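Letters A, B and C mark the chains in the order given here, with residues in each chain numbered from 1 onward.
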Amino acid sequence: MGFITATADRLTIRNFTEMASLIRTLGASGFRRFATYRQATVAATVTNSVFGLLRTYVMLAVSAAATAVGATAAGYTGPQLVLYVWAGQGLIGVVMLWGWTDLADRVRSGDVVIDLLRPVDPVFAFLAADFGRAAYAMLTRFAVPMVTGALIFDMYLPHRPATYPLFLVSVVLATVVCFACRFLANATCYWLLDYRGVGMAWAVFSGLCGGLFFPIRFLPDWAAALLWFGTPGPSLLQAPLDVLTERDGWPVQLGMLGVQAAWAVLLLWLCRVVQRRAERKLVVQGG
Amino acid sequence: MNIIEAYDLRKEFDIRVRAGRFKRERRTVAAVAGVDLVVQRGEMLGYLGPNGAGKSTTLKMLTGVLHPSGGRVSVCGLAPVPQRTTLARRIGVVFGQRSQLWWDLPLRDSFELLRHIYRVPAAEHAARLRRCRDLLDLDAFLDIPVRQLSLGQRMRGELTAALLHGPQILFLDEPTIGLDVVSKQAVRGFLAELGAKGDTTIVLTTHDLADIERLCRRIVVIDHGRVVHDGTIEALHARYGSQRRLVAELDEVPATLPDLPGVRLESAEGGRLTFAVDRTAPIGTLVSQLTATGVLRDLSVTEPEIETVIARLYRHTPAPR
Amino acid sequence: MAERLRIYRELVRAQVRGQASYRLSFTLDLLGNLLFFGSDLLAVLVVFRQVPALGGFTLRETLVVFGLAATGFALSDLFVGNIERMKTYVRTGLLDAVLIRPLGVLGQLLALDVGVRRIGRVVYSVLLLVVALRAADVPLTPVRVLMLVLTPLCGAVFFGAFFIATSTVAFWWVESGELSSSLTYGGRDFTAYPMPVYGTWLRRLFGFTLGFGFVAYYPSLVVLGRADPLGGPAWLSWTGPAVAALAAAAAWLIWRTGVRHYRSTGS
């Protein structure tokens, strides 16, 4: 076991080029795998759009009611909230908030042992494939709701050119954070065997603290700060959405990226630790 | 009396195939393409065919799960789909890879529920269950939840479940798939006994030809949705000219070898001679000629393996275009 | 008929017994229900932190609408919600197993997997409704009590009809993913807020054409003693039972068509 992780750890130049090509291959496989689920993609996009419609009206009503009393809805204008809702619906599929049970399934079926026989770190392999999947989702599940929302409603479009690359970086970081959370939630299966409880808790946490059900800014400041720094929640959706809607200036945008990056590093490290523990458990106890 | 009658039975499916990058074409595929099947009460019928030949589809049409695209079908004198619930009481079905038992409940509870569902009088139910318990050794695991049973135990439970309402026909779709040798023996023995009593008609699909050899006098082979053979196993051998094999061990290599019509020497290693013998060839003459040439130390005749016959049969039928 | 009811009762009892054998899992489900319900409720509360009223309805009034809708939905989820797993039933062959038994297909599917584990939602919804009524300071008259009893029942039938009708998508399209839930859960989300919140065409589509407006919003006007800000006539509040019956009839037709289609195409 030590031998396998050791090869994945050491970074030499030759190793690096090999790794890069491995990432490409794994990523491409993730892309292709999801490209074959074309019907499922269509179904999911339609579903996201229906919920987008409903949430938009609620948010617009909030904005209108706030404007009527001479305030704003937590600093967002109506068109910004429209963008917030539709981009949020699109990002559900990109970061893949729900429905990833690959690892849990493999643990339960025992197939996970096969992964250990491969000379690639499982965290790394799953993450590379996840990037491919996210790239495909960006072209389909993100693009379609965005266009739909823009056609139906008066949607805010970011003015500052720098916002676009910042948004992309933020989406990549959000995907890593979300992947790590999913991986950790799934990994509880090594010890608990039943994923349902953890899965439900994750679904509620991610929707509520991620900023999907309502912008985190709607909460009192102390609660928002607690979520931002105490949990990875806002790094999942809130960060890319706030970057995109340009609610704040670029220093705040960069700050949010920083928080995301910190969570990404911390959580990936945790994934490695947990995975190593789990491997030791598998090797010692034989599953 | 014919308990199953199907004439020109057809089932077509529409599938979409990718034609180019974005285009998709609709194509009609015939899973069952005009099957005639007449089964008499009390028969034990083996229904064979390679994967995707249309076996399960036929069974689903006979049991009322699927609506035929064409043809006439009557089972127990009923039309399967329109008279589904009436028919359901007269047939028992076991899908080898699917369960009709309650996963989380002990086997005993599943049986009790089925008694309610099929509205079987308690005494009848108890009598049938007692028989199955004896023949299939259910007692050891009757109180264990189904999810904890081994495949062999579960299959014995499935068989019992399909029989508790005293069906006239028992449909079995690959009942021995994945079972170990002992469980296979148990299932086969049970079915043989059930068939021998003569009041239950059994229709069996399988890939395990040992099931067929042990259980069925009549076999129907389908391929590409069509019947390619309907008759006894002997008739199948005769039709495809399958040969027996005779191995004789003599003291020394004989000077002259027997030369008879339908007999061919396959190999000779020292005194050990192997002949391929046609079914019509005079095997007695061959043996007496061999004894005449020297001291016969050992002699064995092996029947042709049905596997090879069936494999040859599948290769013979061309795919319709 | 009585005989048949007895059979179904046996089936449901067996199902309950089976689920009870996973005690930890059942407790987890009750907790999970609470989490999901709590998060739905929290979303409404947080939104009202920003504004005093939404579409002319205060938080307390909105919670009455929310409670009525949630109770109806939770009831239908309890009895027929499992039908949303239709895709699984088709894929695993449970549908075939059900088709070879001498009972109706829909009844068996519902009885085979009744969602006892979702009972928590019913309890939480009713509790919320009671609290909301107290908070909104609604004096209880016989008419209001009648409405309060009638509305969740009609809502349950109505949502149940949508569960059944949308589940039939699986007969045509096994890979339909969460598509069905965009109507069932989307409808629930729609009913959670008073109708004036939504734009005209969404009101027409979801509220009137699909009928979700009659599940909670119109009945709640009687309970709250308000006129419709949208200018609808008062009798609209009493159309719930008729709309539910209509939806149930439509769902039955769609279901029958779906089963017929399955039989002619298979899985």
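In this section, a residue touches a chain if its C-beta (ideal position, glycine included) is under 8 Å from a C-beta of that chain, and two chains touch if they have at least 3 such contacts.
Please read all numbers here as calculations on a predicted model, not as lab measurements.
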Review point. Which of line, ring, star, complete or other matches the graph of chains that touch?
Key: line
Revision key, fill the gap. Nearest to the mean of all protein Cα atoms is the Cα centre of chain C
Check your understanding: Which of the chain pairs holds the record for C-beta pairs in contact?
Key -> A-C
**Study point:** Rounded Å distance between subunit A and subunit C, as computed from the means of their C-alpha atoms
**Key:** 30
Point to revise | Centroid spacing, where centroids are CA-atom means, of subunit A and subunit B in whole angstrom | key: 52
**Study point:** Where subunit B and subunit C are represented by their mean Cα positions, the distance between them in whole Å
**Key:** 47
Practice item. Enumerate the residues of subunit C that touch no fewer than two other chains. Key: none
Review point. What residues on subunit C touch subunit A, complex-wise?
Key: 24-25, 28-29, 31-32, 35-36, 38-39, 42-43, 46-47, 49-55, 173, 175-179, 181-183, 186, 189-190, 193, 197-199, 202
Point to revise | For the subunit A and subunit C complex, residues of the former touching the latter | key: 37, 39-40, 43-44, 46-47, 50-51, 53-54, 57-58, 60-62, 65-66, 69, 71, 73-74, 194, 196-197, 200-201, 203-204, 207-208, 213-214, 218-220
Check your understanding: Can you list the residues on subunit B that touch subunit C in the complex?
Key -> 11, 13-14, 57, 60, 63-67, 69, 81, 84-86, 88-89, 91, 93, 95, 97-100, 102-105, 109, 113, 116-119, 145
**Study point:** In the complex, subunit C residues that touch subunit B
**Key:** 3, 6-7, 10-11, 14-15, 17-19, 21-22, 92-94, 96-97, 99-104, 260, 263-266
